[in-house]
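Look for chain A in each of the two complexes below; its partner is chain B in the first and chain C in the second.
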Partner chain A sequence: MDILLQQIVNGLTIGSIYALVALGYTMVYGVLKLINFAHGDLVALSAYVGLVVYMQIAGTIPGAFAVIIMFLVTAMVIAVVGVILERLAYRPLRTAPRLSAVVSALGASMMIQNGIMLIWGPNIRIYPSDILPTTTWTIFGVTVTFVQVVMLVITIVLMAALTLFINYTKFGTAIRASAINQDAAKLMGINVNMVIVVIFILGSVLGAVGGLFIGMYYKSISFNLGWNYGLNAFIAAILGGIGNIPGSMVGGYLLGLFTALISGYVSSTWAEAFTFILLIVILIFRPTGILGERVAEKV
Partner chain B sequence: MKKLLVMVAVMLTAAVFATGAFAETIKVGVQAPITGQYANEGQGIDNAARLLADQVNANGGLLGKQLEVFTCDDEGQAMKAAICGKELVNKGVIMIIGSYTSSAAAAAQKTYYRAEVLQTTDGTSDELVENCYWTFFRNSNPNSAAAAFTADYIVKEQDFKRIAIISDYSSYAQGLADAVTDEIKKRDGNIVYSGKIKAGSQNFTPVLTKVKSLNPDVIYFSGYYADGGLLRAQQVQLGIEADFIGGDANDNVDFAKLAGKAAKGAKIINVPTPEMLPYDSAKTFLADYREKYGKDIPSIWALLNADGMQAFLKAIEETKSTDTKKMAEWLRANEIQGYSGTLKWDKCGERVGSAFMVYEIQEDASYDVVFPKVN
Partner chain C sequence: MKTSTIGYIIFLGALAVFPVIDDPRWITVVTTFCIYSVVALSVDIVLGRAGMFDMGHAIFFGLGAYITAILNAHFGLNVLIAIPLVIIIPALFAIIISSPIVHLRGDYLLVATVGFNIVFEQVLKNNLFGLTGGPNGIFGVDAYVFGFYLDEPLVVYYLAFALLILTLVIIRNLEASKAGRALHYVQEDPLASESIGINPRFYRVFAFALGAAIAGLAGFLFTIQYAAVSPEAFGFMTSVLFFAIVLVGGKASIPGILAGTFIMFVLPEIFREFATWRYFVFGFAMIFTMVMRPQGIFPAKYGKLPKYMTGDNHDTA
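Take a look at the complex of A and B:
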């Protein structure tokens, strides 16, 4: 029993990261119908920027402040990069065929990945292990660390805040309207360009938090980590229903639990294969994802 | 005018003396990557061989003859190595020190065999001993020796009852894990888990949680340090009290950084780094090297090549001859105390015994040799 509970804790931890990153895919897809393949690399970039920021300020101010500043500065930097990405790689192609934008996204992904490698080198970089207290609790044989609790709490708070923002603010309404029909939204006086910029800012910030979690929890970061997490988050987004915000959160956690349980009870060798089998099954039987509504494809 | 005559006379004398000495030398060939990707290692081999030769010459040489060293740069490439083989044989060397890479050593191996020139190399590839040339002496240990050593330590020395083995999907890590598994089974060890992780995937807790439920005494990991450090950190985080033993690819300073506090107590099995060698002869040689070249020897591999050369020189001294056949016979029949421990060879030139050691990582991330015990 405690083994099952431990696997659930493991799954929720990695699921938090998947969920945060998946939200970036889902929001961009919701409004632009574009799969932002560079999103995973923004996550990797965030892990590096966070490390640089932390190393600059560590020791000069109390630890808790250093962590908060690391999160704020990194989130801002990544948000700016996200906006630049949208401006340079996606906006000029907004009216072009969708395939062009996908190719542009892949190109942007390679550029960011190789940029990281040029600046910080191809070897792994290591986060200091004392950023957050290394306290560990054991409850009914299940081990939970302080970092895991922080990750879970921050993720849930951010997701709740995002849900409230989208559903209960005027700008949230504008985002939802743009997601349904951009032209109609424009006619209603919505600044769609502004909406898209905000979408990229929000997605980048959530991805940045995910990247910092990867650095703080797993400690080692490499220039190509975006690919692994990006792919898994992308699958999570499809699982929950791409374009659907609560769906991506659920998808992230479900995928985390699924891989943890498969690795634990079947075989870690097959975890990745099963992930893709799950993806195929979902696409066959429920192509819009678990929580996805039927997308309003008008005929 | 008189001055000029004196100078000419001095030069002539020197020339005669030089040619005379030339005829009376024992010629040693160094085949190593002096330039290219492995230049640092190759220069280390060359420097070590020249230092040994200088020391022997300073003590009056061997059999009344001075040693003369010829170096050929193989750039770590098989094609250049084949040329080096011919060149050094033409120079009339009786022994070859090197090369660093298995492929370069193998490319020239047959040339030396035909010319009856002894060869010692640190190459670990199995193909080197397959031909069973009598001229060949490997001074390092192959991976199979690492596996036997590891199994001995786990089953016999530590007497672990429940063993978990984890590898990744690389051919190196899988090969090592398979070899260790075989050796453990030969010694009737009880393997309770054997599985693989995906290198670079970072999240190993699902596998470790499974391992925890099997309650092992020891976890052996054959993969690389980047995963090993995280594996150890997550092992401790999950409260698995088993010992952690990593294969030689875990031997990197980043292992301890990744594992953080959990690094303490983790063990790694590898050939030792030069400065960790407990033998006095090694300490003296390393100090001499530092004094002569102003830097440390690049790695254990250069030192192992020096060990091979030492053995050859010892063979000349003992057999009182530079006949390579007699030297080889003597080398196969006797044991020599080298810098890296006992040197002994089987008939195909495989080093018998083992230079491997178990290190335990200390609180300050330094290594401490815990096995074999040296007094």
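Take a look at the complex of A and C:
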């Protein structure tokens, strides 16, 4: 029982990361119908930028402020990179065949990943363990760390803010309209280019927070962590129904729980294989995800 | 004689006399070029000709390689026995795994094939049934046949060259055959193709099976060349590279794919001193090529069809 509860807590923590990263995929896919393969690498870049920022300011200002500055600066840097990426690699290909944009995204992914390796080297980098207080609580035999609580709270706050933004603001309406039909949205006076830039900013910021969580939770980062988290988050997005924002959040947490339970009860070396088998089974039986809408398909 | 025919004669003629260079390193490089070209052409059957986003093709390449290595290193069988198996087993495997997923829309199919590739990689790394050798792979494949060592550089080179010619012949025949035209119609418009009596599902699975059979045979030669196999060579990054080769070179275009393979696998050998920059530059080149030439470097030409009929159909994706 204790093990089960412990795995659920761990699952919710990993699920927070997946959910944050998955939102970036789902928003871009919703409007551009493009799998942004470089998103996972932006997450990895965020973990490195965050580490550099923290090392620069740690000790000079009180701890809590240092963490806040680390989050803000990293989020801004990653948002800028995300916008540059959109401008240089995706916008010129918006009217091109869809596969060209996929290859461009793969190219961007390789560039960022290997850029990280060229700058910071191929070895694993260690995060300082005292960025956040190392307090732990034991409730009903389950160990919960301060980092886990912070991750869960920040994730839920960010997701609530995003949901409110998408559903109750004028710009959110523009985003939803662009996701349904870009041409019609343009006719209604919506600046679709602006919508896409904002989507990349939002997705990059959420991904950046996810990347910092990876660093703070696992305490070690490597230049190629992006593919792993990116793919898992992408599975989470598909699980919930890609293009569907609440779906990605649910998908992220479900995948986190699934991964934690498989690692805890079956085998951690096979966890990844089980994740992808789950993905394939879902694609076969419910191709548009759990909360996805049924779309009429040709053939 | 058509220009393209002259081009092929010059290209294949150059490859045939290439070993006069007599530098073992370059013979190895060009052998690898031939083997990877064959795999890239087999990916193109699925991706370029049938229009299915296949990012898991390294599975079939890997199956061929591992079947050869397992039969030879674990069971001590002659490598020749593996030849029919490396064609049949990957093809059957392709039929089994592609049948339930070929109806998926483009991106979803892509993710499903990535999924299969990662499961395959994990199976290899976890040493299933003690056969796959775990993360290190299998060493010591012994390609001694009838008093010949097949793994002599020159022998492997000409085997790879012959396999490349065989693959080119298969593809030229496919282009002219009923199946090849059916694939083209299925890619252009599955619904319309069904109304003229083509079964899209059958031809999609057929494309996977044919691509897998060719890739499996290439895997056999890969094992002979290196006398060893390891999971990394057949991981999903390899599939990504082949996917990129086909699209950067140009879908359904043989010269494009040969050029793509050259760029991805031979140029890095020439510029070895920039090894650490290799994938960074690749990434940049992929973006640059796509922005400049979204259809690839050498897009396929479709005779005198009007332009609106050859454009990429956005809905099939």
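We adopt the following convention: the second predicted complex is superposed on the first by the 294 of 299 C-alpha atoms of A that agree within 3 Å, B and C clash if a C-alpha of one lies under 4 Å from a C-alpha of the other, contacts with A are read in each partner's own complex, and residues count from 1 in each chain.
Heads up, the rule we're going with is that a residue touches a chain if its C-beta (ideal position, glycine included) is under 8 Å from a C-beta of that chain, and two chains touch if they have at least 3 such contacts.
What you see is a predicted model, and the numbers here were worked out from it, not measured in a lab.
After superposition on chain A, the partners chain B and chain C are seen to fit next to each other with no clash.
Of the two partner chains, neither chain B nor chain C is touched by A:Ala66. Judged by the touch definition given at the top, the superposed model places A:Ala75 against neither chain B nor chain C. Of the two partner chains placed by superposition, A:Ile199 touches none, neither chain B nor chain C. Shared-chain residue A:Thr143: touches chain B; no touch with chain C. Shared-chain residue A:Val28: touches no atom of chain B or chain C.
The partner that reaches more residues of chain A, of the two candidates chain B and chain C, is C. In the superposed model, A:Ser263 lies in contact with chain B only, and not with chain C.
Taking the Cα centre of chain A as vertex, the centres of chain B and chain C in the superposed model span 70°, given to the nearest 10.
By the touch criterion defined above, A:Ala273 lies against chain C but remains apart from chain B after alignment on the C-alpha atoms of chain A. Minimum Cα separation between chain B and chain C in the superposed model: 5 Å. Residues 269, 272 of chain A contact both chain B in one complex and chain C in the other. Chain contact summary for the complex, chain A toward chain C: residues 29, 33, 35, 88-89, 92-93, 96-104, 106-115, 117-118, 231, 234-235, 238, 269-270, 272-273, 276-277, 279-280, 283-284, 287, 297-299.
Those residues of chain C lying in contact with chain A across their complex are 53, 100-101, 103-108, 110-112, 114-116, 118-119, 122-123, 125-126, 190-191, 194, 200-201, 240, 243-244, 247-248, 251, 276-280, 282-287, 289-291, 294-295, 311-312, 314-315, 317. Those residues of chain B that touch chain A in the complex are listed here as 195-198, 200-203, 205-207, 209-210, 212-213, 226, 229-230, 233, 237-239, 254, 257-258, 260-261. Residue ranges on chain A touching chain B, taken from their complex, read 3, 6-7, 10-11, 13-14, 124, 126, 129-130, 134, 136, 138, 143, 145, 214, 218-220, 222, 225, 228, 259-265, 267-269, 271-272.
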